[in-house]
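In the part that follows, the structures are each spelled out as C-alpha cells.
In the two assemblies presented below, chain A is common to both, partnered first by chain B and then by chain C.
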Partner chain A sequence: MRKSLVLEFGSEHPRAMVLDDERHARIMTGRALRRKGFVVTEFATVADFLKSWKPGTVDVIIADWQLSADHADGGDHVLERVRQRDWDVSFVLISGKLGEAEDRAEVLARLLESGGARFVERGNSGIAKACAEAEALMERRDLALLKVILSLRAGALSGATVQTTSGEKVVADLLEEVVSKPSSSHNAERPVANAVASRRTRAT
Partner chain B sequence: MRLLRGGRVRRRRVSYLVSGDEQIRPSHENLRKAGRHVRHDGEVNDDASTELRGGKCFVVIAHGSANGTLRWYKSSRGSSLPWLWVGMPNAPRNVRLYLYSCKAGRKLPRYLKHCEAFGHVDEVPMPTAPVEPIVLGYLAEVDRLVSASDFDQSAWRQALAAYVDRAYVQEVENPTGMLGSSALLLLRRSLGYPDLGQKDAFDATAPSYPRNRTPATLRARRRASQGCPGPRSRGCGKPP
Partner chain C sequence: MSEAEFTSRWLVIGGSHKRGVTQTEGGRPLIGEKGLGRLATFALGDTIRIESARRNQTGFEAEINWEALRSADALEDYEVLLGPKRRQQGTLVEIRDLSTEWTDEHTSFFTTHAQFLASVPGERFEIILDVNGRRYPVDDPAATLSRLSEAEMVVTVLSDGTPQVDACSVNGKDQTGIVFRPLKEQHKDSRLAGLRISLRFFRRDEAARRLKGVLQRNELVDLLERYQGIRVFRDGINVPPYGLNRDDWAGLEKQRTATGGPTMVPGNSQITGEVHITRSKHPHLVITAGRSGFADQRAVLRMAHCVRWAVRELGSARRGAALGIASGEVPGRVDEKQTATSDDSDSAARAALREAAKSAALNRDPTLRGVVVKATAAAISALDQNEDTLRLYAQLASTGIAATSFAHELRTDFDVISEAIDELKRGARRPDKELIQILNSSWLRVRAFAALFAIIPVKIRRQRKQVSPSEVERSARAILALAPPDKVGVEVLRPTRGVKLVPAELDSILINLVSNAVKAIGASRQRDSGRILVRFESRGDDFGVAVADNGCGVSPKVAAVMFHPLEGQFTDGTGMGLPIAAFIAGRYNGQVSVSPQPPQGYTTEFSAWLRDVGE
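So, the complex of A and B:
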C-alpha cells in the first residue's frame, strides 16, 4: 500500500468491498487488495452488497459494470445508490464490455457527475489498475474527514450505541449522517481540519 | 459574576435533577459518585415551579423533545408526565436552568423567559458507561459556567463548544475509547455548531420562511380575506 495511506490509516486497515458476479474476477480482485493490506468483503449480487454495506464503513468499492441481465443492476446504478447515502467513498467501476456498449458515454457521464469515481477497463492488468485507481482516489480524500470517519468506524462496525435521554443513538446511524451530505461532513470535521491547519501554520 | 474578597469567584451550588427513565439510568448514580448534588426520580416534585425555586441553579436531565416538552418519569408511577412545557401555566421564574435533555433547547428556553435557561438542540449523551468520563468532563464545564458566570446564552454556547471541540479533536486523533468521538460529536451537534459563524446558531434549527410567507404575514392575509382587521388596525377606531 502507498506510504501516504499507511500514514493516514495508522493502526487501522483500509476496508474495501468488491462487487462482481464473476467468481474468478471477484476472488482475484479481493486477493490483490488483501495483498495491499485492505480488509476485503466480496459480493456476487447487488442485493447482497446493499444489505451489507453501511455508509462510512468502507474506504473503496470496486464494482463490475455488468452485474446481471437487469440493466438497473449495473455498476453505474450501484454508484448512484451509493452516492445517495455516502457522497465521498471512493468507487472504481470495472468492465470489459463497456468499451463496446452503446451507452458508454452515458455511464462515463454518470461517473464524472458523482465524483470520487473512476473507470478501469478489464483486460491486461485490469485488476492491478483497479487497485491502483482505488489507492489514488483514497489518497485524494479529505484527511480531516477520514480521521473523523475512522474514529466512528469501530463503534459503527461493532453495532455500538450511545445512551441519550431519548433512547439509544446507534453509532452506525451517526456515521451515516456524517457521510450522507457534504455539509454534515464539514460540520463534523471542521474542528479537526482547523487543528490540522493551525499545526501546519505553526510549523511553517 | 460575583467576586469574593481576594478576587475569587463566588460559586453557586448546582443541583442535578435526574428523571427516572430507564434510558437515563444510572446517570444519577454516576453523578453522585462524581460528587454532584443529585435529586432523582421520586425525590423531585411533580410540579416544576415548586421544585425550581427562585435564585437557584439546576441542571435538568430528562426526556426532552423538539416541541419544547420535558417529561419526568417516576418509577413509583411507572409513567412519564410533562414537567416543563411550552405554554405551561405557572412556569418557573427566577431560576438558572441548564436543560441537559435531547432537543429541549429548541423552544423551551425562549418560553421560560423569566428564567436563565439554556438547552441543547439535538440529542445529548448520558453520563453512563462507556462515555461516562467524557460526559462528566463536559458537565464539569457546565457546572463551572452555571455556578459562576453571568448568564449569556451565546457566550455559554461558545465556551461549551470550544471545550467540546478541543476534546473532540483530541479524541479523533488519539482515541481513548471506541465511543468517545461519537459522544463528543453528539454534543457538538447538540450545541448547534456555533463555529458556523452565525449570529445565533440555534436559529439554524428554527424553520425558515420565504419572504412574505411567514406565519404572521399569512395570518394577516387570512384575516384580511375574512374581512377582519389585523392586529395593527386595533385601536385605530375602525370597527372589527
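So, the complex of A and C:
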C-alpha cells in the first residue's frame, strides 16, 4: 500500500468491496487488494452487495460494469445508488465491454456527475490498474474527515449506539450523516473537502 | 441595420444589443457582451465610414474619426457625422487612414476571417473585400461545401424537442417527400428547441474528381475546421459525443473541470458540432451544427441522439434516391437490388455463353469458335474469381467476427493471467491451489481462442473434402470452447454420417451461429446458466447444422432485418454474422432460418441447411 495511506490509516486497515460477476476476476482483484493490506469483501451480485454495504464503512468499491442482463444492475447504476448515501467512498468502474457499448457516453456522464470515480478498461493489466486507481482516489480524501470516519467505523460495523446531547443514536446513522452528500454544490475533484468546508460554515 | 440600430449598438460604448440576456437557450454565457469589439477598428485606421440599409428602407451613412474622438475634451464634444443615404440592402464598412502599411498578409488574414464569419450554417452572407481599389474574392464557404456534397439535410428542432426536416436533397433532387421515421420519445428534449442541424454526405473520390485533385482529404478537413468551427473525427462511426478519442476518460474529466463545466467539446464552448468521416468504402459524412453551446451534459447527449437520428434519416433519403423513390416509404436497404442485379448478370453471362457454344454458325467457322472458346474461358475465370474473392472475404470476416465477438470476453482473462503471474513473481511461498486453478482456467480460454485462428488459415483451402462425423464434432467442440465454461453449458449431438464440403465453410457457419448464441445468452437472465446445443441432421444428401440456445430470443423486429448486413441486435457484434452464414449456405443451395419450434428448454434455434453434400 502507498506510504501516505499507511500513515493516514495508522493501525487500521482500509476496507474494500469488490463487485464482479466474473469469479476469476473477482477473486484476483480481492487477492491483489489483500496483498496491499486491504480488508476485502467480495460480491457476485448487486443484491448481495447492497445488502452488506453501509455508508462510511468502506474506503473503496471496485465494480464491474456489466453485472447482469438487467441494465439497472450496471456498475454505473450501483455508483449512483452508492452516491445517494455516501459521498466519500472512492469508486472504480472496470469493464471490457464498455468501450464497444452504444450507451458508453451515458455511463461516463454518470461517472462524471458522481465524482470521486474512475474508469479502467480490462485487458491490459486492468486489475492492477484498478487497484492503483483505488489508491490514487483514496489519497485525495480529506484527512480530517477520514479521522472522523475511522473513529466511527468500528462502532458502525458492530451496530453500536452512542449517547449524544440529543439522545441515544446509532453510530452507523452518525457515520452515514458524515459521509452523505453536502447540500451545496461540490467540486468533483475534491468532493469531501467541500463537504467539510460547508459544515464548518454552518457551524459558525 | 437601421440608423436606430447603429445609434444604439455603435455609438453607446460598452453597450450591447444583447444586454439583459446573459445566456443562450442552452445555458452558455453569451460572448460579445462587453460591446467593445467595434472599437477594434481604430487599431486599423483613423477613419471609419459606414453605410447601411435594411431591405426596402432608406439607409444611412455615418463617419467616425477616432483621432478627433481621442483629442476631444469630452466624449460628448465629439460629433458623429450621421445622415440618410440611399443604398441597397446591406452594409459597407470603409476604413481609411490606415495606421500601418497594408500587406498581402493583412489581406489574407482578413479574407480568412471574413470567410469564417460568413460560415454560419443555414445563413447566407455575401462579403466583398476591397483594398485600395482592388477587389479580393471572399469565397462563400457554404457554397464550397454544397459543391462537394452528394446529399444534404437541414433539420430544425421544434419547441417540444421533435426534429423537423426542413430541407433534404440527394444529388440536387428534393427528397423531403419520403417518410422520415420519428425520433424516439425518450430522446426528445425541449431544451434543444431551435437547434439547427445541417448534414452533408461527401464522397471523397467525387470531391477529388470535381476539384481535379486540388482538394484532398486533409485539405477538406482543414476547410471544414476553419469555416465551420467544428471538430473532425476520422473513421469515427461510434465516436462519443464528447469529442474525445477512445477512452480518454482522464482527459475528459480534466477538460471538464478546467472549463468549469461540460460543454459539447471540452475546452471550447464555441464548438458544438461534430464531424464523422467514415472508412474509405463509404461516403464521407459531415455533420455541422450551430455555434451555440450547451452547459448541460444531458442536453448534449440528447443532441447527439438528434444528430444520429438525422444521420439515419439522411441515409434513408440516399437509399430512396438510389431506388428512385422521392415520396412515401423507403425500404430498409438497397443491397438486395444490387445483389440481385449482380447475381442475375453472372447467370445471364453463363447462359449466354452456353447458348453461344451451341450455335451452328460456330461449328462452321473454326476461327469464330476459337474466339468464343477463349472469351468463355476468360469470362468463367473472371466470374469464378469473383466468387473466390467473396468466399475469401467471408472467411476473413468470420475470423474478424470471432475476434470482435470474443475479444471483450478475453480481456478479463488477460487481466486475470497478468495478475496471477504478477502474484507468482512476487510471491515468496508456493502458489496456492486457487491461484493455479484460476491461472489454468483462464489460460485454457485464451488458448481455445487462439486455436480458432490456428484452424482457420489451414482450412482456408478451397477444395471440398470428405469430413467424417468425428471431425465435424471436433470442429463444433473447438468453437464451443469459446463460450465461458463457468456460465454456459454446451452439448454436441454428433452427426450420424460424414459430409463432403469445404471444412472452413462449415466452421464459419458454426462460428457465426455459436457467436450469436453466446451473445444472446449474455443478454438474457440466463447469462450465468446458459446452454447451447449443437446438433447435426441428415436428410438424403442434405445436411443440417442447428444451434440452439436459451438466450434472449429473437424479436420480430430483429427477425425482419437480421440477415441484412450491418444489422442485428447486439451492440458488440459487427452485424455480419448471420449474413455470412446465409451467404455460405446459399453457396450450397441451402439457407439459414430460425426454427419455428426450438428443442425443449431452449428459446431459439438457428438451422443452416446445405444441399447435396452427401458422401
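Following the convention adopted for this analysis, the second predicted complex is superposed on the first by the 176 of 204 C-alpha atoms of A that agree within 3 Å, B and C clash if a C-alpha of one lies under 4 Å from a C-alpha of the other, contacts with A are read in each partner's own complex, and residues count from 1 in each chain.
Assume contacts are C-beta pairs under 8 Å (C-beta built on N, C-alpha and C of every residue); 3 or more make two chains touch, one makes a residue touch a chain.
Please read these numbers as outputs of a predicted model, since none were measured by experiment.
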item: Residue contacts on chain A - larger count, chain B or chain C; value: C
item: Which superposed partner A:123 touches (first chain B, second chain C, both, neither); value: second
item: First, second, both or neither for A:27, with chain B first and chain C second; value: second
item: Touching partner for A:137 - first (chain B), second (chain C), both, neither; value: neither
item: Touched partner set for A:68, first chain B, second chain C, both or neither; value: second
item: Touching partner for A:19 - first (chain B), second (chain C), both, neither; value: neither
item: Touching partner for A:58 - first (chain B), second (chain C), both, neither; value: neither
item: Contacts of A:46 with chain B and chain C, given as first, second, both or neither; value: neither
item: Doubly contacted residues of chain A, that is, touched by chain B and again by chain C; value: 187-188
item: Parts of chain B lying in touch with chain A, wherever the complex brings them together; value: 19, 21, 23-24, 61-65, 100-103, 123-126, 128, 131, 165-166, 168-169, 171-173, 175, 178-183, 185-186, 188-189, 193, 195-196
item: Residue ranges of chain C touching chain A (in the complex, touch as defined); value: 238, 240-242, 246-247, 249, 252-253, 256-257, 262, 297-298, 301, 304, 404, 408-416, 418-420, 422-423, 434-435, 438, 441-442, 486, 522-525, 527-528, 552, 571-572
item: Chain B contact footprint on chain A (complex, rising order); value: 147-148, 151-152, 154-155, 158, 160, 162-169, 171, 174, 178, 187-188, 190-192, 194-195
item: Complex interface listing, chain A residues touching chain C; value: 21-25, 27-29, 31-32, 35, 68-70, 96-97, 99-102, 104-106, 108-109, 111-113, 118-119, 121-128, 187-189
